[in-house]
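What follows is a set of structures to go through.
Both complexes shown next keep chain A, but they swap its partner, so chain B is in the first and chain C is in the second.
Showing the complex of A and B:
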């Protein structure tokens, strides 16, 4: 038995243990502790198995079936190992956090049992090497997450409607994936992944399968237009569940897209790349626009996931397009950038959601307009959230920065190879993509300045925020680990990039090396980034300055400072501060046509006077345009059809009998023709 | 001697089956229909016995006795007992007798057309009579669709079942005893359950018009 096989069997055993204890332990508190630890162990099993597979370890579990198909084989390759590591790391963080944060509904038997099932499904999807086991584990993952969310329906009424959206969208993307894989299997005559890869990418079956699979996996990765469940479901989920869904599950969608573009149908035609880029670019822009105007912290983070996944797909699309144009160096760099972005997003988004979960636990408030001043009350959470927000805003020295830097470099170097224009499509697409990323990056910066600044800085805007207290240590540990990984990956991009480059082999071999102090050298496009050296130099240069400032500050007595415009008194009230809504107001005005906010201003006058105002009530809501413009009409049409269909099904037994009778007669008549 | 009479006997039995089925569509009275059902049961048993004698199989003869007991006597007795005790109104079908008989004619023609396609290779006498079984299935279905009372529905169901049995006997030359025993018990059980159900309906609503059962939809 190889280590990988032992690891996968160990995960099965841990799943059984976690589900059994979740069902048997009677008290909520102890259930959270025991099941949380078992879930964390289950995820750790995934980390170890994935890491061994990533470094080249092999092993397979074969499940015999009676179906006339290829056998079900679980055997992670390097790419599968990478994805397994990513989702499992997030799983470990989420499980640890859950030990401390799970209460009432999220500490119930259903919640912990389905958490284990969810993690198990996610960790083993990347191990599947045939269509049936892939779809089976995919559904285990989806059902696990659905049941996990369902555990909360008793406490909040909105959960039910959110879950309907989630289930419908999951099934829609499952349908697309199923149809796409069926087309591939039909065209190649096998259900093993190795058999699927024999299809010629130029054939029409390949194109059909590609479009279907892109839609399906894009739906799981929360891309527009299948993202509508995201802003509904994630705010309803407790922090650790949202972290597992938004930090880990989306990566399975990306993994699916990578399977298509790297394993099944490499070297596809150029329009595939353009299609992926358009889907990714639109998602990135739309996601960050919605995030920038959201005032619910979890909605903001949820839309930010759409944005990041959009960027991942943008990179993937650029790599497909450039590979078709034989700009291999830039194509490899774009693929690498997509992988870097996937890794960094998983870590920072999980940490951000855990931070939001900590805030929710301390304040029971997710509306940024009522938060504030948490930085001094919850210093650990604030530090971890801040570091991850830096990552999400793609600022140095975080992993997010490295990823976006690599993506921009690939796009900038992509349209020309050795001074020659590679193709007209590329020379139009690349500058456009750069513009999209630039706008996205700017808006992301604004968004996370808002998220961090309004929630953690300034003064508390409500009583709940004022009484917030730091979360217990078991919840702080995953936050700190997450933040450390965000910064650590940003400081060590070289080894990370080498590991990622090895994962997409043997089909593609991006040429990257570690240079300097764990810096990255993408030799295909001749660019170098060494953040550690940069930081070390900066520290060396700034150390004397800092020392001088410290020394001089010792010499002078401390000054008492007061706000000058408050006349010496500190009468600054929380109501005078910027709120999330007012901060985003300029953006809402600029992007009015896209966001279409509804504003409701209600002025109450004092007595008969037109000039004296007693109070002004302003309400602004930004709805999801795609939901209202695209899904609503479709749903209304379906509803109308349903009403028509109800007329055919009026409950009369005679009518139902007549239907069968007529059907029988029709069959007989057809037979006798 | 028997070989020369065999085709006529088969024709007689199947003719009786078809005639009773058609008469059931024509008659509205529940009790009359039950009597016809009993006759049909005897005709079916006779058909089975004829096939048994022709093929010289004792088992098939036993099956024919079983058919007499269940379809000729037990089922009609259960139905009649219940009907006499409770029913006050006659059936008011959705199709008038003339239209009903015309439909029966059309269904019979259809079944002959279908059977001629399906059994074109088979020239045996029993296969030649098989369309009658198919016609009975269709007529049973017609009764199910057009009758309102639960009791008449049950009769339609039994005609349908008789039709299936007829096709089975004619095309396969007899059904194994155990299979026939199982099917007969099943049918008996279904009839008893449906009759209990009809009795409950009558207690609850005062009649057994299944048109009133309309709550069973979304």
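Showing the complex of A and C:
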């Protein structure tokens, strides 16, 4: 038995143990402890197995079936191992956090048992090597997450409607994946992944399958227009569940897209690349625009996932397009950038959601407009959230920065090879993509300055925020680990890039080396980045500043005053600070046409006077345009048919008898033909 | 070679720390004279910094460490700009080339630090300035990146020192239509990044017109000194980059002692000249309304996009 096989069997055993204990342990508190630890162990098993597979370890589990199909084979390759590691690391963090944070509904039997099933499904999807086991594990993952969310329906009324959206959208994406894989299997006559890869990418079946699979996997990766469930479901989920869904599950969608573009149908035509880029670019812009105007912290993070996944797909699309144009160096760099983005997003988004979970636990408030001043009350959470927010805003020295830097470099170097223009499509697509990424990055900066600045700085805007206390140590540990990984991967991009480059082989061989201490040297496009030297430089620049501050602060200590400048007036009430809504107000105005906000201003005057105001009530809602313009009409149409159908079903026994008679008649006629 | 590059980087750092308050002094003095005022002399910014450092900073009871760390971060980010940009010479530092995207992100660290300082004060003014500042920063970024993308195409690299060298060796590139479009777009982006007219009025304290001033309102003592010095350094460094892109002559490409002196003198003269031009230009400009700023930035973005696409069609 190879280590990989042992690892996978170990995961099955741990799943059984976790589900059994979750069902058997009676008290909520002990259940959270035992099941949380078992879930963390299950995820650790995924980390170990994935790491062995990533470094080249092999092994397979074969499950024979009675069906006339190829047997189900689980055998992760390097790429599968990579994805397994990513989702499992997030799983470990989420499980540890869950030990401390799970309460009432999220500590119930259903919740912990389905958490284990969810993690297991996610970890083993990347191990599948044939269509049937892939779809089976995919559904285990989806069902696990649905049941996990369902555990909360008793405590909150909004969960039910969110879950209807979630189930409908995940089944829609499952349908697309199923249809796409069926087309591939039908065209090649096999269900094993090796057989699927024999299809000629230029055939029409390949294009059909590509479009279907892109839609399906894009839906799982929360891309526009299949993202509508995200801003509904994630705010309803507790922090650790949202972290597992948004940090880990979306990567399965990316993995699917990678399977298509790297394993099944490499060297696809240029328009595939353009299609992926358009889908990714629109998602990135739309996601970050919605995130930047959101006032609910979890909605903000949920939309930011759409943005990040959009960037991943933008990189993937650029790599397909550039490969078609024979700009191989840049194409490989773009693929690498997509992988880097996926890795960095998983870590920083999981940590951000855990941070949001910590804030929710301490304040029971997710509306940024009522938070504030948490930095001094929850220093650990603030530090972890701040570091991950730096990653999300793609600032140095975080993994997010390295990923976005690589993507931009790939695009800038992609349109020309040796001074020659590669193609007209590329020379239009690359500048536009750079502009989209730049605008996205700018808005992401604003979004996370808002999220961190409004929630953790300034004065508390409500009593709940004032009473906030730091979360217990078991919840702090995953937060700190997550933040450390965000910074660590940003400091050591060289080894990371080498590992990622090995994962997409042998079809793709991005030429990257480690340079300096742990910097990355992308030889295909001839660019280097060494964050450690960069940090050393920053420290050198900081030294004199720090010395000056120390000398000056000894002579002139900082005085704290209850009434400092305050614009010359008295210090106003905390409610009069800028809030998240007012922070995004200029942006709402600028992007009025896309966001279509509805604003209600209600002024109550004192007595008869028009000049004295007693109360002003302002309400602003920004709706999801895609939901109101695209899904609503379809749903309304479906409902109209439903009402029509209701007329046919009025409960009269005579009518049903006549229906059966007509049906029988129809059958007889058909048979006699 | 590496030692020479490090020496030049240090030299740039020291030069700009001394030069940037002088540049602001010159800008203010020229403007005062043009407006018929006597002005406070070109050394006034120096005296301001000295005065601020010798005062006790005062901070609000509920504010956090950000009020002290933010200004220092802004200053460090501006100092890093002075180290990384090709100002006196184009000798590449080992392992940290003057990569366009790295430089923009270094600048953004300063932008974020300033915005957080504005929020931490916990007043309406600070929040307002911070919100507007970030909105402008978000909208400027596409222009900034596309403009330098356009400039990078003739050189085939996004390393700024190589771009400057290419322009030095082949001056025809400088007056090509692509380069001119890109330079106009870049100039507008830099004006927005450094809070100059017509996006922000640096000499105002009127609440409805200010971006930068609103954020630094609550800072005092050395914190305010770092914020001011950091902003000045950023302006000087970006003007230095702009001037080296327009007039690359005098930039040191091979290390030699006379070359260093020429490089120092050239960059000082160029920056002061550009500062005077900026000041004269600003006399004739009014600040645009905040909600007209996106139109201006969209216009500059269109120029930058035109520059990039034209470089494929024309060249």
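Before moving on, here are some points about what is shown:
The rule is short, and it goes like this: the second predicted complex is superposed on the first by the 625 of 673 C-alpha atoms of A that agree within 3 Å, B and C clash if a C-alpha of one lies under 4 Å from a C-alpha of the other, contacts with A are read in each partner's own complex, and residues count from 1 in each chain.
Operating definition for what follows: a contact is a pair of C-beta atoms (placed from the backbone, for glycine too) under 8 Å apart; a residue touches a chain by one contact, two chains touch by 3 or more.
Note that the coordinates shown come from a computational prediction; the quantities given were computed from them, not determined experimentally.
Legend: residue contacts after superposition of the two complexes on their common chain; A:661 is shown touching chain B, with no touch to chain C. Of the two partner chains placed by superposition, A:89 touches none, neither chain B nor chain C. Once the two complexes are laid over each other on the shared chain, residue contacts for A:516 go to chain C alone; chain B is not touched. By the document's definition of touching, of the two partners only chain B reaches A:650; chain C does not. Of the two partner chains, neither chain B nor chain C is touched by A:177. When chain A is checked against chain B and against chain C, the one touching more of its residues turns out to be C. When both complexes are overlaid on chain A, the residue A:159 reaches neither chain B nor chain C.
Once the two complexes are laid over each other on the shared chain, residue contacts for A:148 go to neither chain B nor chain C.
Counting contacts as defined above, no chain A residue meets chain B in one complex and chain C in the other.
On the side of chain B, the complex with chain A involves touching residues 94, 110-111, 113-114, 116-118, 138, 141-142, 144-145, 148, 210-211, 213-218. Across the complex, chain B is touched by residues 646, 649-654, 657-658, 660-661, 664-665, 668-669, 671-672 of chain A. For chain A in complex with chain C, the touching residues are 292, 372-373, 375-376, 393-396, 401, 405, 408-409, 412-413, 415-416, 419, 421, 424, 427-428, 431-432, 434-435, 437-439, 441-443, 445-446, 449-450, 452-454, 457-460, 515-516, 519, 526-530, 533-534, 537-538, 541-542, 545-546, 548-549, 552-553, 555-562, 564-567, 571-572, 574, 576-579, 582-587, 589-590. Partner chain A is touched in their complex by these residues of chain C: 13, 53-64, 66, 68, 72, 75-76, 79-80, 83, 93-97, 99, 101-102, 105-106, 108-109, 111-112, 115-116, 119-128, 130-132, 134-135, 137-142, 144-146, 149, 152-153, 156-158, 207, 217-218, 220-222, 226, 290-291, 294, 301, 305, 308-309, 312.
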